[in-house]
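When the chains are written out, they are named A, B, C and D in that same order, and each has its own residue count from 1.
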Amino acid sequence: MAETTVVDNPDQLITSTDPEHPANLIPSLCAKFWTLGWVTGTGGGCSIRDGNLVYLAPSGVQKELMKPADIYVLSLKDQEPSLKQRTYLRSPPVYKPSQCTPLFLAAFTRRGAGCCIHTHSHWAVLVTLLLEAKGNSRVFEINNIEQIKGFGKGFGKAGNLGYHDTLRIPVIENTPHEEDLTEYLEAAMEQYPDTYAVLVRRHGVYVWGDNVHKAKTQCESLDYLFQLAVEMHQLGLPWISDIAQIAPQRS
Amino acid sequence: MAETTVVDNPDQLITSTDPEHPANLIPSLCAKFWTLGWVTGTGGGCSIRDGNLVYLAPSGVQKELMKPADIYVLSLKDQEPSLKQRTYLRSPPVYKPSQCTPLFLAAFTRRGAGCCIHTHSHWAVLVTLLLEAKGNSRVFEINNIEQIKGFGKGFGKAGNLGYHDTLRIPVIENTPHEEDLTEYLEAAMEQYPDTYAVLVRRHGVYVWGDNVHKAKTQCESLDYLFQLAVEMHQLGLPWISDIAQIAPQRS
Amino acid sequence: MAETTVVDNPDQLITSTDPEHPANLIPSLCAKFWTLGWVTGTGGGCSIRDGNLVYLAPSGVQKELMKPADIYVLSLKDQEPSLKQRTYLRSPPVYKPSQCTPLFLAAFTRRGAGCCIHTHSHWAVLVTLLLEAKGNSRVFEINNIEQIKGFGKGFGKAGNLGYHDTLRIPVIENTPHEEDLTEYLEAAMEQYPDTYAVLVRRHGVYVWGDNVHKAKTQCESLDYLFQLAVEMHQLGLPWISDIAQIAPQRS
Amino acid sequence: MAETTVVDNPDQLITSTDPEHPANLIPSLCAKFWTLGWVTGTGGGCSIRDGNLVYLAPSGVQKELMKPADIYVLSLKDQEPSLKQRTYLRSPPVYKPSQCTPLFLAAFTRRGAGCCIHTHSHWAVLVTLLLEAKGNSRVFEINNIEQIKGFGKGFGKAGNLGYHDTLRIPVIENTPHEEDLTEYLEAAMEQYPDTYAVLVRRHGVYVWGDNVHKAKTQCESLDYLFQLAVEMHQLGLPWISDIAQIAPQRS
């Protein structure tokens, strides 16, 4: 059984004058996400990993009003799957832990992610609904859009996707309790080892990256592509097109 | 007849350095609502109850420019239904009382609400129009969307709605004078005792909650669902779907 | 011939610490309008009248970067129709006068307006295009929408329009040179004496009011209705509906 | 071979208290572009020319977080086409050079532009997709919209386009590597000598102007027209219409 880390003054974990410190960065990121319509009501969430320390936005907070004092902190070393109760190094006085926690941890432990973002973007939800109407498709695919170059090739692979590559994002079905998504998210990661995101039907999306910069920019690029996909569908334009690798410029 | 409360210095009721004081919070909330397109022109409103004291945004103010000095304050103990004239503990120098006042009071007295918000969101108006076109339906229903979990189960009930639950929001017909909506809003509350909102055809929506946090987050979640509903309709996707309680993940 | 007003130090006309002074208010309003998409590029404009003094945003300025030093000031008493050249009490060093000037003056002199706003809102342009497709209709009409109550009944009339009233906004055809719109705008004011706005086909809209508050809130309410109208059209919903004056609430 | 400029303290090139200095202006412009959805993820870019000095936003930066320290500076005099490696007077410590650089330089050297902006606006992408569906059209054309007056008549020509003029923006096909677009962008400039912009299929748009003001305002007006064009298409309204030069106002 893991030996639980003891911290003398837990609030030191969330106290810093550095705006890049996770306890400051999560609130500022969430405030930005709120303006983008990603974390409406109290939906969505965000987590940053720094070594073995994991910082998490809590459940039930208005995302644009979050403070460092609202942040949960846990150590990956303390987590024991057999323990039903999760151990925190530091807990905020009021809010409950985020139900996204096991999903964030999956990205951290299985993909070495440095940051994981969960949004309820209506573009993401609409994409999953359009795929549901197409015979309950379990994968979102789009190619030949420049913004695809915003995504890494995959965990452990160097470089980014190319313009002509097909971006594939798996879709899992939603469950009544968010933590029950974990096994399905992990299965989707197995089935799509290169993905940095998993869509959840009628719910939203989880997006991660090696660090905050990559998670946030990939999340933006993905929401851009979800919006474009819905608009393309409305205009009768297909998401997968057949353009030759080298498109000759006609004179 | 109720004995009217007398306050020596009424402006003390709206003077505080605490940003969470209702006289400060209503202006900051309304400024936020203005950026969301909920209180365009001088439409919409907001009210906060603190014990028997009720604070109200006035009529005719530009919502993003509201100041604490613009706030009306009344005491629930002073209100007598037979009195045509409403008694205020504190009135702003210029603006008239909000015509939403009796509707806000209905939420406070019948549902113990701590905050009530009224928006003219175009998403809300469009939903009522789509329902009108469907045989003048008097209820908005949607299920199997994660954001539904943002709503309480109902007045006096613990916990929130589940993912598979059907969210039902009654619709009442608009009247030429806003205060005349009151009896219909109260009837809708009777018919739908678990609702935290009432849509008004071709007008907007009233949303309340036990406190400011709940009213504001439920209002956000509802507007998110109204927007999603309109977009789903445009894409030919039904608001009510038939997904089994436990959706088995197919391999 | 009018005796031209001479001002010793013209920059005094645009110098004030009061944020409500027209030379400060026009820049702050235009910055707000820019965020709403009303004054994109260098399109659109705004003018405020204070007695005989008229303050105008110049031509060619980026509206969100406007400064008091960019403001033109003229006196209504100095304007002589036979003079081709307009006389200004104060001119900014760089920018040319707004081509909207005669249209703003029409609102000030014929309707006693205190403020006139010109936007290139794409919702306004789309409405004029939809009307053009309907046999080149010269009037936008909508009824039975609560937001209609945001408009005054008309010049010289007390009170606002009611929920069941029909809001009518005349449409004039655009001309290659903006100042040539003046006679058509004036003719539309004659034909629709109660209007506070005139739409310009494929161009935008002019909205005025007795003062800044009324012009700005009416402009907001009108853009809200333009957006709603386009969305209603996309959903196959008519702008004019037949609801009885008193809509009985069915049990 | 060009004699490379040597600068004693390169960071002096990007250090200034003047907010209009290119090293300060590029970050503030990009922050504004981010709010408009033009530079999502790390897409898009911006460059300003001051004489022979060219300032460039780097690759891979979150555009709303850009700092003067992130800016590349090169001298046009140092650039030699035969050199594969580009010579910079000043390089930021972390970020790589923008792949847009040769395209920006084409606008500077062939059109004497003072500023060039590259966006991934989804409106631009959708327009190129609609044109692709229309037989792979290589030009976007729209007329009889007031906002067209926001564009200069062309390089070396005085004055702006008129309301009845047809705005034509060439479209080039995207290539897997952005710098490979250069020859096609230059060919489009040749074929459309009056254009201030080139659309890139499934990618975005490049817009330039004689100075920052003109580039930025033309970029705004173009994005406005792209959005309008998509919305017009959705409403079944044609981009090219047949309105007589002088539209008689009917009585």
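Simple rule for what comes next: contacts are C-beta pairs under 8 Å (C-beta built on N, C-alpha and C of every residue); 3 or more make two chains touch, one makes a residue touch a chain.
Note that the structure is a prediction, hence the values are computed from the model and not measured.
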Count of contact steps on the shortest path from subunit B to subunit D: 2
Angle of the C-alpha superposing rotation, subunit A to subunit D, to the nearest 5 degrees: 90
Cα-centroid distance, subunit A relative to subunit B, in whole angstrom: 32
Inter-centroid spacing, subunit C versus subunit A (mean Cα positions, whole Å): 45
Interface hub residues of subunit B, defined as touching at least two other chains: 234
Category of the chain touch graph - line, ring, star, complete, other: ring
Pairwise chain contacts under the document criterion: A-B, A-D, B-C, C-D
List of subunit A residues in touch with subunit D within their complex: 144-147, 150, 162-164, 213, 216-218, 220-221, 223-224, 227-228, 231-232, 234-237, 245-247, 249-250
Subunit D to subunit A touching residues, read off their complex: 37, 40-43, 62, 120, 122, 125-126, 129-130, 133, 138, 172-176, 183-184, 187, 200, 202-204, 230, 233-234
